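You will see subunit A twice below: alongside subunit B first, and alongside subunit C after that.
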Partner chain A sequence: MPPKGKAATKPKATETPATTTSNPTTTNTTSQTASQPSEPTTVLERSQQRYEKTRPFEAARQQKGLSKLPKEDQKGWICDQLLHLTNRLPAASRSSLLGPKASKEIWWTVNGTNSIVRGLKHKPKPHTTWGTDRNGHDVGSYTIERFDERFRKRIALTALQVSSRVFRENVEREKRGFVDARSGREIIVTEREIDEEKVRRSKMAALKKDLYGAITGKLAESVEWEDVVPIPHEEPEGALAAIIYPAEYAEAMSYLRAVMTTKEYSPRCLRLTEHIIAMNPAHYTVWLYRAANIFALGISIPDEIEWLNEVALANLKNYQIWHHRHLLVEHYYPTISSDPDALAQFAKQERGFLIAILSEDTKNYHVWSYRSWLVGKLGMWEDEEELKSIEKMIDEDVRNNSAWSHRFVLVFSNPKYATPGKAATEKDEKVPQELVEREVKYAQNKVYLAPQNQSPWNYMRGVLVKGGQPLASVQEFVEEFVNKLGEGEEEEEVKSTHALDLLAEIYAEKKENEKADLCLRRLAEKWDKIRGGYWEWRRKCLTQSETEKAPGEQVEKAEEGIAAA
Partner chain B sequence: MENDNKAQVEEPEQEWPYLDVLRHLRYWKMCIRAPLPHVYLSNESNRLALAYFIVNSVTLLTPPPSERTPQTPEPLISREDKRAMRKWVLHHQHPTGGFCGTSSLVFPLHSYDTYNSNTKTSDEPDHAGLANITSTLFALQLLALLADEEDEAAGENVFEGVDRVGTLRFLKSLQREDGSFGEALSDLPGHGRFIAGGYDMRYCYIATAIRWILRGDVEEGSPGWVEDFDTEALARYILNSQTYDRGFAGNSQDEAHAGYAYCAIAALTLLDRPLTSTSSSSSSSVPHKSPLLHSSIRDLPGLIHWLASRPFVYLEPPPPSADQDPDTYIYQEDDLDDPNFLLPPTPADLLCLLSQTAEKKGHDKIHVAFNGRTNKVADTCYFWWVGGALANLGRLDSLVDREAARRFLLEKMQHRIGGFGKSPGSPPDLYHSFFGLAILGLMGDEREGGKVRGFDAGLAVPRETVGVIERARRKLIDSEKGGKGVVDGGKELDTVEMGLELRSGGERPKWLGACGY
Partner chain C sequence: MQPNPIQASTHRTTHKTLKFSNMTQSFTSLPQELQLATSAHVKYIQSLDSRKDEYDYWLTEHLRLNGLYWGLTALHLLGHPEALPRAETIDFVLSCQHENGGFGAAPGHDAHMLSTVSAVQILAMVDAFDDLETRGRGKAQVGKYIASLQNRQTGTFAGDEWGEEDTRFLYGAFNALSLLGLLHLVDVDKAVDHIAACANFDGGYGVSPGAESHSGQIFTCVAALTIAGRKELIDVDRLGRWLSERQIAGGGLNGRPEKKEDVCYSWWVLSSLEMIGKTHWIDKAKLTSFILSSQDTDKGGISDRPGDMVDVWHTCFGIAGLSLLDYPGLEPVDEVYCMPKSTIKRVLGR
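So, the complex of A and B:
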């Protein structure tokens, strides 16, 4: 029994709404839901319908099993199978599979069932047949219009790619000085051709992105990067701390890898580093590579510094920028070191910028660190402006410890009098006493402004040690901040815990241990309780320095005592 | 929020703030499972650092197999994950030693042009600048942290595949003439091969840690011996970086900084740390009291003073209406720009303020925060840097008000979604979330019931991991020379003499006695 009805449909009419098979059930869901032949809405449906049309008995067989089908249907199915099988073979070997008689019978049967002979070889499946698009969607789920659109785009892309390849070959020929065989002239790539190629590439990029979501950033499109094959990085399994970053960054890094491999130093590499730095200014390798390019190409250092200023202001907390600047200055210095005017001019410029950036971020560690280095490098010790600018910063914020710290270096590391190699905490006999007095006075004036501000206290103490003066030389000043110590809760007045701390040291220095102990005890008990453990330790140290001669066991015990406390 | 309720039910009347382990684990789980947000791009060149924060934190929060109970959640990182992650870490190894910080700096092998694939060696380190000192330490720590704890034998092999000799040579090549270390090598046209990186105490610390992890006790002439870097020059560089106010900086011309103080102290400690821990020392955060550290620092009491000055009483910023109520809040005007460091003008003002707050709240529990420099703001990581520095000096327990500091960390810095922020109210990040746990592990707290593993103040990994490193080093060296090494003997007094010489002050300082030498 041949498949019923519908047999009138012309075998080739696969594009038209298929009237499909009349088998009561099929595995195809679309024909199951609608007894009417349904209009395919997606590419997958269309293909599935085509597939089924060429295999009219397949659905029934799958459901019931071959043996349960009527005899005619069985024969129809077998013939279909054989037909599809032989269709896959090369024409020559077909005859060896089936004899003329068998072939004839098959064709007779197929003719009778109206099977469509040129069917799809494989059953279309979602995802595998057409693949997925850049969003992970099955292309098979596209509507027919959309699918056609995609098809047209792919053709357009291929056409562009062919033209682009021609262009690239011409560029290569031009480079090697090829002569065109027909015209006898050297091949020259014209400006117009380059412009056309640029347009072509942007079109290609747009199409690629549209079709495949391929990352084709600025560089892949650019004619300038023509000859570079980017090296994208691959990551094995088990990767930790992957970071979400823009495709542009990934692209730029793959080009960086390529040029670093060949150790290329060129203007385009310089631009590449700028491009990456704009996205990630904290990549130390990129900065080092930039420096290498600057030096190799002999780029003007002041120009680079000017560019760097902008980057620094936009990235206040960046560390690499300052290392780069450091390298630039190291490189630049020998060219101006013999010219005092140029040196002074450069120092002035640098200070101008440092003042500007420190006004944005007054305690920026990297900036201050660079500044103290610069003072030594350019010999800015005697530069009055440097000290003035620091004083201005301290006037603006008396608690800016970075500024205090810079001041100490500026005053006490001046090679004019400072002994080379003296540690910061060491006494230096060469430091002029009037300087020590001036600095002590300076710190004291600032203490009055905010007695609980530790910076000037630390500074004053540091100056005294450096100048080799006893701490007791400031005893009167310190005592101004402490009144009636130990004379009762109400009477006692401490305007600064740092004064009490220093006073304890002064008394200890003068071997007035009881007084020292009182200061420390009051700090622990009342004025600075959060450091109670520390003040207690200092009290223990007082008694230990007396028993210093026999450190052994007693010390151990004291240590244990502290640990227990 | 369901967790909130659960926690309250479990510990209804706790008087102390507690660490919400589950919540922290949830935060770290997120960091493992999903890629990190774009803000981390600035760390792209050093992803191993981020990986170290993640794996170290997870390890801190995961009880060792022997302490697991049926209630213990499944480890966040499975044994299979660990294997894959170890491979990933090893993939960063540079063909001539050292590790690169990110896979975007790992090149296909054929592009290392001096690399000989037959001998698997390279005559001359090429692609200078790709391997990095920081990444090298993080890689080694990660390999040890990723040891399969359920398989002792596997633990010994965690350094399998590490180019020990190459890495130690790479390390030596990063030392500058003045004894300090840079971070990477770089070829600069006109300057030749040059040691890049700032004058940064971090690299000095890292150098000592890599040396301790890999160098071992191989004798000169034996296979696997590599010339040591100049430890004395390094120690001298470090010691010269003490500043006028007695803290430590990247060098003596810079401002004292707690991070650098930690690095300086921990580096000196690691220089004479015994290669293996004794059974008693391995249960302590400070497994070794460093004779070198105690004898060489020019002004040790001064350093302790500077470190002890880092904690401060954290005051809540006043509500916006406070300016109408000048009696209640006594702040300096500028302070309000920087509400994380409010400093009343006099000590009496502070006491007055505290007693008022205590009255309002009905208790006088204060919060103690840490800053990294004089007059700077509170920051989670400085609790670790200062705490770690003091721990290496053996003084964490006696000098810090642990109760108030913990309270600050857990009440002000712990975030609702888990992890710790940089400052009160700020969202968590990997760096601060890790250091928050690190300091808790360092301080230990029996009331927490071992929620956080004990932490090593010198090597910045859990104590069990130090054991892994010791065994793995032994194994790696044995596999190189096929023999057994000699156990190093303690030469404390020699070290003290060396330290005193480094101080370049002839006389024996008073505190040395106080330190037990």
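So, the complex of A and C:
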């Protein structure tokens, strides 16, 4: 601080942003500085020029060296240094640094040399002075127009942030039931204010992205989630299998954690689960929580099922979807169980969707397991449409094992014909023989379409066992597929290895072991070599006595029992 | 062991949509002698946890602990158990444990049966049950969690508190509890009755009573019955026949009639056959050839069939299958637990 009373030169103001003249305002008697600086193109250049202007002797000193400068300039430079040094000191200590006499001396020199008292403290540097923008470029390298534009944006952002803070404070005040001091009324946040805030937030997010490349999460930005503090994912330090999440998913999960902790069930939580499911449908926790929301909010189950249908079609290999559906139906069933029309209607809707999704993936295991469960749950055994639908699927692809499996369930788990507790592999007296014959005929008709297709052969066997019929009852049919066995390579005709296999079993059942052995031998030698080990074992079984057979052959024992009866 | 091919297919499909196969060999131009590319597979498994920047890595976070089990099992069978760092493995597994004793698929994920079973299997393989006692919640708590998932009326097991029931969970429970020596905590007989109810007209087993026979579910049912000592309930001949029919002309095995062959069924079908003593009912040489031609001998890993993208699931089960087929240079695998026989011997004393 110059002592009072002295005629101190008015400190030369640093140039305002408006003026871009490069002519130095000081007319110094010093030796010319290096070449006149050119018009600054960037803010860095401009600031550097300003910096140099406040240190008029420094450029000369750098150029020539202090000892080479004229005495006046040397003094000037030293004064400059002292000035800048003392300017950094707190006011109180400044006067004590130099005695009054030394101070006078300095100020007399300063006046004579027209030093600039105030100046830029630090030399402007690239990157550090203004930082970098969202693309990593030094803001100092901006042109002055561009810099001004950036500056305006920052001001705009700050203004928005101030208004937003006011809004948030009002929300908090409303929550706490504050009363406005002037009007005496309770503070309420109006719809209009909320809408304004929403607009403000999207503007803020856009500006932040533009200026700093910062992406504001949709949820953090939204007014709806204002009151929730998200719980970010915690990975243990140096985790063996650490996960890096995309930002949107990470944000959604952090909000999910927060609301699951507080056990909140609300429309916004429901929307959140939908949002997460869209990003990661296999996340089992989020499905759990969604179901909890559905039940807690009393959402219409048919509506939820409609939504679920879309998700199912988009995610064919997903377990969680079908378990969710299972839960929904379990929840819904008591509300319609006493109303046969509602039940029928629901069954029809379900079947409609199942047919649609199966057309995308005809053998989808989840869908078929669900379908078999549904038959039992809704009591669809007598539903003609269900049987027709399965027949249609088999017509379209006779090799669809899932459809065959479902038919068996549909026909034989019908309480009309099924003794409770009987296994699928057990004979059941309750099954009428007409039904057995009908099903055997059905299977046989389908065998003709593709004799090497395994499903109808398995089906036919299963039906015969269920109905307690000996395998020999279909011998004529089976023999249609095997011709001239053992009469030479050229002569032999086997249209189906399954027929040959079954024929062997039939012969064994009738104790015609030689014929059985021939069938098995030809299978091992030629017709189904890959299962050679199995056919050889069957041949061995023929020669072994009954007691040496492997345990658990309830079926064959039952057949023998019937054959003997 | 998590025989959930359908869920893993999501994993697989995601790989496929984001990458394309690097296989330079086509199936038709196979060299006479195929080798097991051991070191490539080891490197592939080691690289898995460093792929954190890949999109599908986070999509499969709900399989993280299971994935670790598949990778570790493969490494053990390949004879390189040290390839994954033991201390970090234990730390990671324990970090997935909850207060109730159960493990989630990754830190912060809810506890679930499948990840709990994987956790127990991993800890058994790296011999870290002591760590479970001292630094984790202890064996008893884990056993309690698993036992809490049994429905005492029906004998079935749920996957989590939400109650999805599946014979996989039943097998998982038996697997983990027997390794912990805590099988007595559950009603084994009721569970066995449930399995029996899942037996189908064609000799196979489904996910629930009446559901279609499926190789994966068959494995879980047969293995569970084996652990429970109730194999006499199996119709061995009928089941064996159904299983042997899984082999198709190319040598690979499928999961159900008229479906495509898939390397993972080399495990489930084969181990089921092993458990009922009928592995000679398929052509072993052809199956070996099929598995070997599904490798990526360059980058490592095995896929579901030749020419497709690899993943750790198929790598694990392909190698386990080869071990069961007595492929030279591999550690013997236990057909019930899908873990090295040496581990089972150490833990169960047999």
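Heads up, the rule we're going with is that the second predicted complex is superposed on the first by the 361 of 565 C-alpha atoms of A that agree within 3 Å, B and C clash if a C-alpha of one lies under 4 Å from a C-alpha of the other, contacts with A are read in each partner's own complex, and residues count from 1 in each chain.
Criterion: a residue touches a chain if its C-beta (ideal position, glycine included) is under 8 Å from a C-beta of that chain, and two chains touch if they have at least 3 such contacts.
Given the structure is predicted, the values throughout are model-derived calculations rather than measurements.
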item: When subunit B and subunit C are modelled together on subunit A, clash or fit; value: clash
item: Touching partner for A:Ala504 - first (subunit B), second (subunit C), both, neither; value: neither
item: Which superposed partner A:Val482 touches (first subunit B, second subunit C, both, neither); value: neither
item: First, second, both or neither for A:Val494, with subunit B first and subunit C second; value: first
item: Touched partner set for A:Leu270, first subunit B, second subunit C, both or neither; value: neither
item: Dominant toucher of subunit A (residue count), subunit B or subunit C; value: B
item: Partner chain(s) touched by A:Asn458 [first = subunit B, second = subunit C, both, neither]; value: both
item: Partner chain in contact with A:Leu308 - subunit B first, subunit C second, else both or neither; value: neither
item: Of the stretches 329-337, 347-355, 419-427 or 509-517 belonging to subunit B, the one that collides with subunit C; value: 419-427
item: Touching both subunit B and subunit C, residues of subunit A; value: 233-236, 238-246, 249, 257, 280, 282-285, 288, 291, 319, 323, 326-327, 363, 365, 368-369, 372-373, 376, 399-402, 405-406, 408-409, 412-413, 423-425, 453-455, 458-459, 461-463, 465-466, 530-534, 537, 551, 555-556
item: For the subunit A and subunit C complex, residues of the former touching the latter; value: 233-236, 238-246, 249, 257, 280, 282-285, 287-288, 291, 315, 317-319, 323, 326-327, 363, 365-366, 368-369, 372-373, 376, 399-402, 405-406, 408-409, 412-413, 423-425, 453-455, 458-459, 461-463, 465-466, 529-534, 537, 550-556
item: Complex interface listing, subunit B residues touching subunit A; value: 31-32, 35-38, 40-45, 47-48, 50-51, 54-55, 81, 83-88, 91, 103-108, 111, 127, 129-130, 132, 183-184, 186-191, 196-199, 239-240, 242-246, 250, 252-257, 298-299, 301-302, 304-305, 308-309, 311-313, 332, 334, 343-348, 351, 366, 368, 373-376, 395, 397-401, 404, 430, 504, 510-517
item: Touching residues on subunit A, where the partner in the complex is subunit B; value: 231, 233-246, 249, 253, 257, 260-261, 263, 265, 279-286, 288-289, 291-292, 295-296, 319, 322-323, 326-327, 331, 363, 365, 368-369, 372-373, 376, 397, 399-402, 405-406, 408-409, 412-413, 423-426, 450-455, 458-459, 461-463, 465-466, 493-497, 526-528, 530-534, 536-537, 540-541, 544-545, 548, 551, 555-556, 558-559, 562-563, 565
item: Interfacial residue positions of subunit C with respect to subunit A in the complex; value: 4, 6-7, 9-10, 13, 48-49, 52-53, 55, 57-62, 64, 67-68, 84-85, 88-89, 91-92, 95, 106-110, 112, 159-164, 196-197, 199-203, 206-208, 210-214, 232-238, 240-242, 244-245, 247, 249, 251, 256-259, 278, 280-283, 286
